[in-house]
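Below are structures written as structure tokens.
In what comes next, chain A is part of two complexes: it sits with chain B in the first one and with chain C in the second one.
Our next item is the complex of A and B:
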């Protein structure tokens, strides 16, 4: 939907000739749709940037968005959508910021008159649609990268390996365990075993909402890998419902020690390592 | 031909594999190790695979064979220093090193062998009722 050089020139002239009015009207329309969530000054600056980008591109020749000479225009549009996406505006609200220009252009074309005002308006409108779609796409891209970043952060946040005792580390698993997370947990646990030289690891599944065959498979793999490296794993935090599911699904944990609570698991490991735990008698004064 | 060095530390033979194992090197290592066990009378063998990036079925079988040979000669075998990536690959491939004891590092391996020897020793002493009373 690229404009011809002639049409671009006319559009640029139209917009630059009424610069103050265009930005004023444009800002008003957007402000109405955003309901005051963006300051007037900020909005005005954005609109002026856009206005400037469109006019300067139009003055240089045909406005063709994918072309070389529209780099500045593309950058301005991307900048706008990135900002909106990060500030939490919806895709529609972002696209409306561009589509609002249509109303302004319609008014200007109407006033300017001329024989082919309808044809001009259709051409301008097509261009504005294209600009809007471009904004939309940048918006989605920004959102996607935000989501990807967050997923990664979540992955890192949710798989800590903590040291419980000399030679004992624990992994408190929280949330559903899918293949990607299981892989991260496995790698991190094994690496921690090597780094700390701990011969015992406790995998606590209190925070895992459901254990199906796949989750069990992931846990078993981790345990077997740890064994190959010379460390022993204990599974703890098995809730009553989960125990029932495990039995119902016919999952076999073999000779892997399973405990109901993290405390039991720690006590078990301490006994294995030969640490004595004793309750200290409270001293009673007669 | 390259050879894997075998080091004697106290009652333990330490084998550190730092090169890609070929058929020949593996057979040579098995022969050398058997000879050294008999010659030194050691009761423990530690195989350090920290430097190995890849452990395939071939290396796995070699480790099993070495463990079996040592067992016949009354020496305990411990494989130490397996990397996490190697362990994950082995599990994904479904390979398990049956009959091989593992430890995280050489130090733990030595402790493991010492513990195993102590158990055996204790068991032998238990037959003799005077032995326990004799120790303070």
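Our next item is the complex of A and C:
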């Protein structure tokens, strides 16, 4: 809902004529809704930026948000909502920062009086709605990109390959093993096998809540790939309920060694490599 | 139901891999609520995972409804998978262990039938596929 050049000019004049009072009241209203989660100084700076953007756009002619001359205004609004989204404010708390201007404008229009009082206010408030909705949209966009980033980070986080012993690496799988994660796991494992020259890998599925045929297939493929590179894989962390489910499903692990716990798997590998573990004799003091 | 654990029927659309995860979580929550043992919880969740993935991959997406059922003696979880895909032309072949048209292990459908207590399937090329499974508490 674009304002005409004349209306825009009047709005700009109204806002710039009472600059100090507008920013003061505007800041107060926002501060009330955010309940002190943002400092007054920061709020005041944001409000001044917005105020400046609206006034300077209005002075140049008609305020039409999608238009060329409103670039600065759009940038200011986007910056505000990006900041709010990153700081964990809700969509409402973001939009209210703009809608608060309505109350300020209402007071000013009321005082200014004149014949066009109501018509002006309706036009201004239409514009403010549009500004508010714009922040809402950029807020959602920022949040979506944050979520996408987090999903990517999670993918990275949840697939560490750790070295357990000389020549033994382990992958503790946690959560859902979908195709994307299975691919990451396989790549990491195979790369680590090369980098460390390890002949043994342990895949631990203690943290995988359900092993269905897709998960099993991903694990089997990883084991086969590791074997092609000359490494032996052991699957550990098979809990009783998982074992029974695998049997009922009819999944065959063939000649792949499987163990109930990571400790069993490590002991198994150490035995294969000829490492002896023994308890130290307690020393007796004479 | 007198206790506050009755969850009522719960529906979930199956449109993506993430939805398959949601189906698993939903089924697990209901299985816990009707006090299935840990083994039975895992079995019914795994069966739901297989069938939900079949709905997605072969049925082109669909929906699932999870309800608690009570036959007077025992409580259980009932899950209905519905899609409007091409149906399954040869059921006997589809239930053969190791048979797959999609590059999987070929154990999902037959395995799911072994994991639950009751398994009922209606399929046709016109109406798609509807699978109803039930797991009872012991």
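Simple rule for what comes next: the second predicted complex is superposed on the first by the 273 of 286 C-alpha atoms of A that agree within 3 Å, B and C clash if a C-alpha of one lies under 4 Å from a C-alpha of the other, contacts with A are read in each partner's own complex, and residues count from 1 in each chain.
In this text, contacts are C-beta pairs under 8 Å (C-beta built on N, C-alpha and C of every residue); 3 or more make two chains touch, one makes a residue touch a chain.
Just so it is clear, the structure is predicted and the values come from calculations on it, not from any experiment.
Of the two partner chains placed by the overlay, neither chain B nor chain C lies in contact with A:53.
Residue contacts after overlaying the shared chain place A:131 against neither chain B nor chain C.
Of the two partner chains, chain C is the only one touched by A:251; chain B is not.
Shared-chain residue A:199: touches chain B; no touch with chain C. After overlaying the two complexes on the shared chain, residue contacts for A:30 are found with neither chain B nor chain C.
In the superposed model, A:216 makes contact with chain C only, not with chain B. In the superposition on chain A, no contact is made by A:85 with either chain B or chain C. Residue overlap on chain A between the chain B contacts of one complex and the chain C contacts of the other is empty. Every residue of chain A that touches chain C in the complex is listed here, in rising order: 176, 178-179, 209-214, 216-217, 240-242, 244-245, 248-251.
If you check the complex, the residues on chain C that touch chain A are 17, 21, 24, 28, 38-39, 41-43, 45-46, 49-50, 53, 97, 104-105, 107-108, 110-112, 114-115.
If you check the complex, the residues on chain B that touch chain A are 78-80, 82-88, 90-92, 96-97, 101-105, 107-109, 112. Per the touch definition, chain A reaches chain B in the complex via residues 186-187, 190-191, 193-194, 197-199, 221, 224-231.
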